[in-house]
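Below is one structure. I have some questions about it.
A, B, C, D, E and F are the chain letters, set down in written order, and residue numbers restart from 1 in every chain.
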Amino acid sequence: MSESVKFSLDFAVIGISIVFVSLAIISFAIWLIRKADDGWQLHEANKKEEALEKEQNIDTTTLIIISAAVATMALGRFHIRKVRRLMKGDSQHRPWSVQGRAVLHGSHITGNRKRQR
Amino acid sequence: MEIFLDFVQAGAIGNFTWGNFGMLIVGCIFLYLGIAKDYEPLLLVPIGFGILVGNIPLASGMQIGIYEEGSVLSILYQGVTQGWYPPLIFLGIGAMTDFSCMLANPKLILLGAAAQAGIFLTFIGAVLLGFEYHEAAAIGIIGGADGPTAIFLSSKLAPELLGAIAVSAYSYMALVPVIQPPIIKLLTSKKERLIKMKPSKPVSKRLRILFPIIAFLITAFIAPGSLNLLGFLFFGNLLKESMVTERLAATARTAFIDIITILLGLTVGASTDASRFLTPESIKIFILGSLAFGVATAAGVIFAKIMNVFLKNKINPIIGAAGVSAVPDSARVCQMVGAQEDPNNFLIMHAMAPNVAGVIGSAIGAGVLLAAFG
Amino acid sequence: MSESVKFSLDFAVIGISIVFVSLAIISFAIWLIRKADDGWQLHEANKKEEALEKEQNIDTTTLIIISAAVATMALGRFHIRKVRRLMKGDSQHRPWSVQGRAVLHGSHITGNRKRQR
Amino acid sequence: MEIFLDFVQAGAIGNFTWGNFGMLIVGCIFLYLGIAKDYEPLLLVPIGFGILVGNIPLASGMQIGIYEEGSVLSILYQGVTQGWYPPLIFLGIGAMTDFSCMLANPKLILLGAAAQAGIFLTFIGAVLLGFEYHEAAAIGIIGGADGPTAIFLSSKLAPELLGAIAVSAYSYMALVPVIQPPIIKLLTSKKERLIKMKPSKPVSKRLRILFPIIAFLITAFIAPGSLNLLGFLFFGNLLKESMVTERLAATARTAFIDIITILLGLTVGASTDASRFLTPESIKIFILGSLAFGVATAAGVIFAKIMNVFLKNKINPIIGAAGVSAVPDSARVCQMVGAQEDPNNFLIMHAMAPNVAGVIGSAIGAGVLLAAFG
Amino acid sequence: MEIFLDFVQAGAIGNFTWGNFGMLIVGCIFLYLGIAKDYEPLLLVPIGFGILVGNIPLASGMQIGIYEEGSVLSILYQGVTQGWYPPLIFLGIGAMTDFSCMLANPKLILLGAAAQAGIFLTFIGAVLLGFEYHEAAAIGIIGGADGPTAIFLSSKLAPELLGAIAVSAYSYMALVPVIQPPIIKLLTSKKERLIKMKPSKPVSKRLRILFPIIAFLITAFIAPGSLNLLGFLFFGNLLKESMVTERLAATARTAFIDIITILLGLTVGASTDASRFLTPESIKIFILGSLAFGVATAAGVIFAKIMNVFLKNKINPIIGAAGVSAVPDSARVCQMVGAQEDPNNFLIMHAMAPNVAGVIGSAIGAGVLLAAFG
Amino acid sequence: MSESVKFSLDFAVIGISIVFVSLAIISFAIWLIRKADDGWQLHEANKKEEALEKEQNIDTTTLIIISAAVATMALGRFHIRKVRRLMKGDSQHRPWSVQGRAVLHGSHITGNRKRQR
């Protein structure tokens, strides 16, 4: 058997092993996280109750901001319907994120028309 | 009149070769398969038209051909030669791939590893056929059944073979529904093909967010050569699963990947100039390519049977074939082969797990080859 | 008449002729295809009947795959309504294409959300 | 205080010229025409703002100006100087153009050829006015009435005239509704303008798919110099008509072409620096440009009258004017001129045929010029 | 076996450093803040993942790292080093920003000027801490509270500090809701915080169209160094407000800005290689950064109080804090601080005026710094 | 006080002044335009009446073109419903712009599907 064939055989064995080991570790890591998740999910349930109270609190702020928008509708360019639509789309998030979502580059507003394309 | 003759000289009549003519027919076949047969149209149509573009007989010096520096095609081709189109395509793929089928049943990931044997056995075959190591590595990646990975690796290891490798890889990927069923049936008994698997459990949002981060760290630590592919794949997936960057993920999986796909397909096609493409090497590459797909399929199926020796809840070995990747065609093939035995056996969701794992597996394989021969 | 003017006149004649000839050939090619199309369309009619039978066959497969999706809805992430919408949009194609359309790069899945943007 | 003086020196006050001031006014006129008059806003607004950007008085050495290597504007301008913006715009145009009006009545294509006489007669005119051949060729293409073609060809043949040629081409394209009607009326009798044409037959899907492939092969074989434009135009059209690559076509005709349009318009505008733009050559180019549009219109109309000598079903010679391209403005002009004689004569659909044929015709013309002087 | 050792050598185990490990944790913190806390996710997620990518331990020579010429990451990083990502982001920002709040009450613009004192005081501080002028200028721009401006200026003036400056700027921008309220409360009395401002008058369409043109000319004439940022910002805004180029504006504020944001975030993150990032300079930069934000906030509030001495219709000094920019976070902070005193006092619309003015102000500041030290 | 500190102080003063002056001029320019706008708006009101008449006139042309589209519907590819939708979306503009909008690059048609994405 020539030198090069021997090398390629060796290399093939090592190569496929590395692929295998990598994916096996990923597989194991996923299994591990799934186990941990049960514990977390319990922990989460408690947290959610706290969050709910907090949310109530933040919701008020959001409401204020929305009313601010209404109040300044005199400017004639802000339509409440759009604000509401934006909230529904993201309803799985905390209200803060509703505003956060409207932000790009930490430093700039996103117009209302953003999601209309 | 002299002007007119000069003009003719610059054009097709003055530079016509039968090789170009042959490649024009190949281009038309690609277009036919893509448009009339609906095989992988998003790739075969751009590549097919690119083959036409690349084989128009031209006088050189007009700055038109893809191999002339400064021409428009050569500039757009830089994304291939410099290797940044494939990672950006992986970004978009990450932003459109749902890994939850795999997360729901992580042991099926191993099937996606087994099928990568096709890569390394083809490497051996290519060395036996007389290719240099770096060329053999580029040819082996055809067994990964993954277009962008094949283009990325061959652009780095064997740019002169890129056209042949890409065309071969995409041809066989389009032929997966023809290649795989007989191999699967040969290697499995009817009883095995009838195995029903349990539906998997749902996957939590947290796991879906953590997965791309952790999988990236694991693969990058073990095979850093895969970073350019898997880094972008998992980044795209994180943009998608984190939910908070949905607008970025949406662009990555639509406009961004579309733009890159158009440019990649057209220029890869245009790089298959007859004088570079119609060589004995290309024929060897096509033969090795079919070997690669066959071996990969067989390795996946056989490994599933080996796993069954140790498992209580048996795996239907058909889905081992999905480990080659070729997403989602090979998973669909598994569904069909299974349904031929029992129309109520719904394998496709299970087959998606080795299917997407196969993408990760072949990128790791590419990383190993790049580290060794890059 | 100067040398350069003579050249430019010659060149203009040749240039406009080439444009003309090219477009005339295209025009002729189109006319030719249109002629051929009548024959093809007849041929097509026959083919369509065959195709119809085939389609029936493939449709069954598709149905199976869709039912597979239903069956695995336990995963909680797959909505049948979307699958149906996808089919309607592409209804002029054979069912195979419905799935093919969902594919990018011959090797990767497209999430359900693809067309929602 | 010295710091302050240095700062002032770097800025506008230290570098002000009346030429720049004049160009700022030109920029504002472009913006006014685009925004208030709604003439070609998608081009006049980016170009107009670009003219402002390019004529801000600057000390050089700050890496800001478009002609300073390494500046942002110079990098974005590479798509113009290297010539790859126009082909990508043609890709998008192909993906949005419906050629079926032309396929339904192929003999009208010849009108799109006749109008290209404007290109070659302007070439003669420019040689007479003392321009070099390669400059005369770039100026002639204004007669093609097609923005991206003009920019592509002049970037290859006469980069120093690009600004003047582009501004001239777009100015006259915006003025098509003013230039064409009197010429049409001069060359046709009332009886001719009243000719009613039969509605065309429908076009099969197969023809629409085959057309871009066959037309590409024909034009590339005869005039390979047009490959960069027509290759991308027909590729885009195939993506659209094949139906199976609709997502690629959709991106090509929206996000992709929009991005390139923004960058092309802005940088072409910014390249019209007063010291390069306000020259006697520019004035000659503007005069030749108006000649080009007039000749092209006349050639189309006259050729239609010649065709009528041989045809049973007469063509309304008004639609010959649409052969200049300037899609769809000149087709609309034909409709209006026709409607002035008979409000029930609907010429627009017939006029679209020479209109899109004119795009192909001027790209072929560009290919001929590039082959001869490139 | 030797092969295997080589492979390991090329990978993580052979090149591991504790610095990289520390940076991986920083990356995870960014991801956590972005995903779980929803702080600026569109930036923290790409940058965070980029930090992971940039700190994978690699043998050099594999053409993977961002500082190796020819690697994919280094090619994508060119948009940062050559400085053209930030202007394109400003294009998109211009196309999404509604300046009418500012146009309705132009005197509030001055608050956006006052807050830029943070830039120049930080410059002094950095000189005192021993930085060179050009480095001090790049550090000072952190006080502009504007990501793209900071990246643009530091890429031009102090590329070696870019990572630290960018990470510092984005960190404090994410912490605006923590930094600003105590400073505001310290500098204002309860009575001042209760001031109610009148709703502003509507703004005509004509003013909104004229504004980007005139503001561009004014800023470019006075501070031409800001042209790369403000030229693109006002161009984008003109595309939006002119109405006639809506399709270009729509692409600029969606697909285009998204693509650039993805590439900018990822590569800026990946540039924070531990060996370059974990230095004493970085710590100084973080200290100066917090100083910058504090000074900017204070300057805005104090200037509002000074203006009130001369005004009949008093300004609520809280909104002076919005002048730092950090759009729209700091405007939102003003709203909240105001609502704590009086829930019916709706300051946010008034706060948007200094907020967007602050963006213009910091770009002018950057232009001044670039003219002086570029 | 060291040389460099003195320089940086001087520079800071000049720098912040330039920022201030720039924004003050912008502020003043806006104020000026707002003043002028009142006059313009009056002028506009008169103009609008003229425009209205003109619009009537152009509208007829548009109507003709639309009818042309109807007449050639024989081609089977043009749906009137789309044309109408396009007009509504842009109704704040003059009818000419409705067509102008359909144009890209001064020289090329935009398919009907443009806005459907």
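Note that contacts are C-beta pairs under 8 Å (C-beta built on N, C-alpha and C of every residue); 3 or more make two chains touch, one makes a residue touch a chain.
Worth saying up front: this structure is predicted, and the values here are computed from it rather than measured.
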With over half of the numbers shared counting as same, classify the subunit B/subunit E interface as same or different. different
Measuring between Cα centroids, what's the chain most distant from subunit B? F
Averaged over CA atoms, how far is the centre of subunit C from the centre of subunit D? Could you give it in whole Å? 29
Using mean CA coordinates as chain centres, what's the subunit A-subunit F distance in Å? 37
Gap in Å, rounded to a whole number, between the CA centres of subunit F and subunit B: 46
Counting only residues that touch at least two other chains, what does the list for subunit D look like? 3, 7, 38, 41-42, 222-223, 243-244, 250, 254-255, 261, 368, 372
Which parts of subunit C, given as residue numbers and ranges, touch two or more other chains? 7, 11, 14, 18, 93, 97, 100, 117
Per the contact definition, I'd like the list of subunit E residues that touch subunit B in the complex. 3, 6-7, 10-13, 24, 28, 31, 34-35, 38, 41-42, 45-46, 49, 52-53, 56-59, 62-64, 70-73, 75-76, 254-255, 258-259, 261-262, 266
For subunit C, which residues are in contact with subunit D within the complex? 4-5, 7-9, 11-16, 18-31, 33-34, 37, 40-41, 92-93, 97, 100-101
Could you please specify the touching residues of subunit E with respect to subunit D in the complex? 82-84, 87, 91, 156, 209, 213, 216-217, 220-225, 227-228, 231, 235, 238-239, 242-245, 247-248, 250-252, 254-256, 368, 370-372, 374
Seen from subunit B, its contact residues with subunit A in the complex are 102-103, 106-107, 109-110, 112-114, 116-117, 119-121, 123-124, 127-128, 133, 136, 204, 206-207, 210-211, 214-215, 218-219, 222-223, 243-244, 247, 357, 360-361, 364-365, 368-369, 372
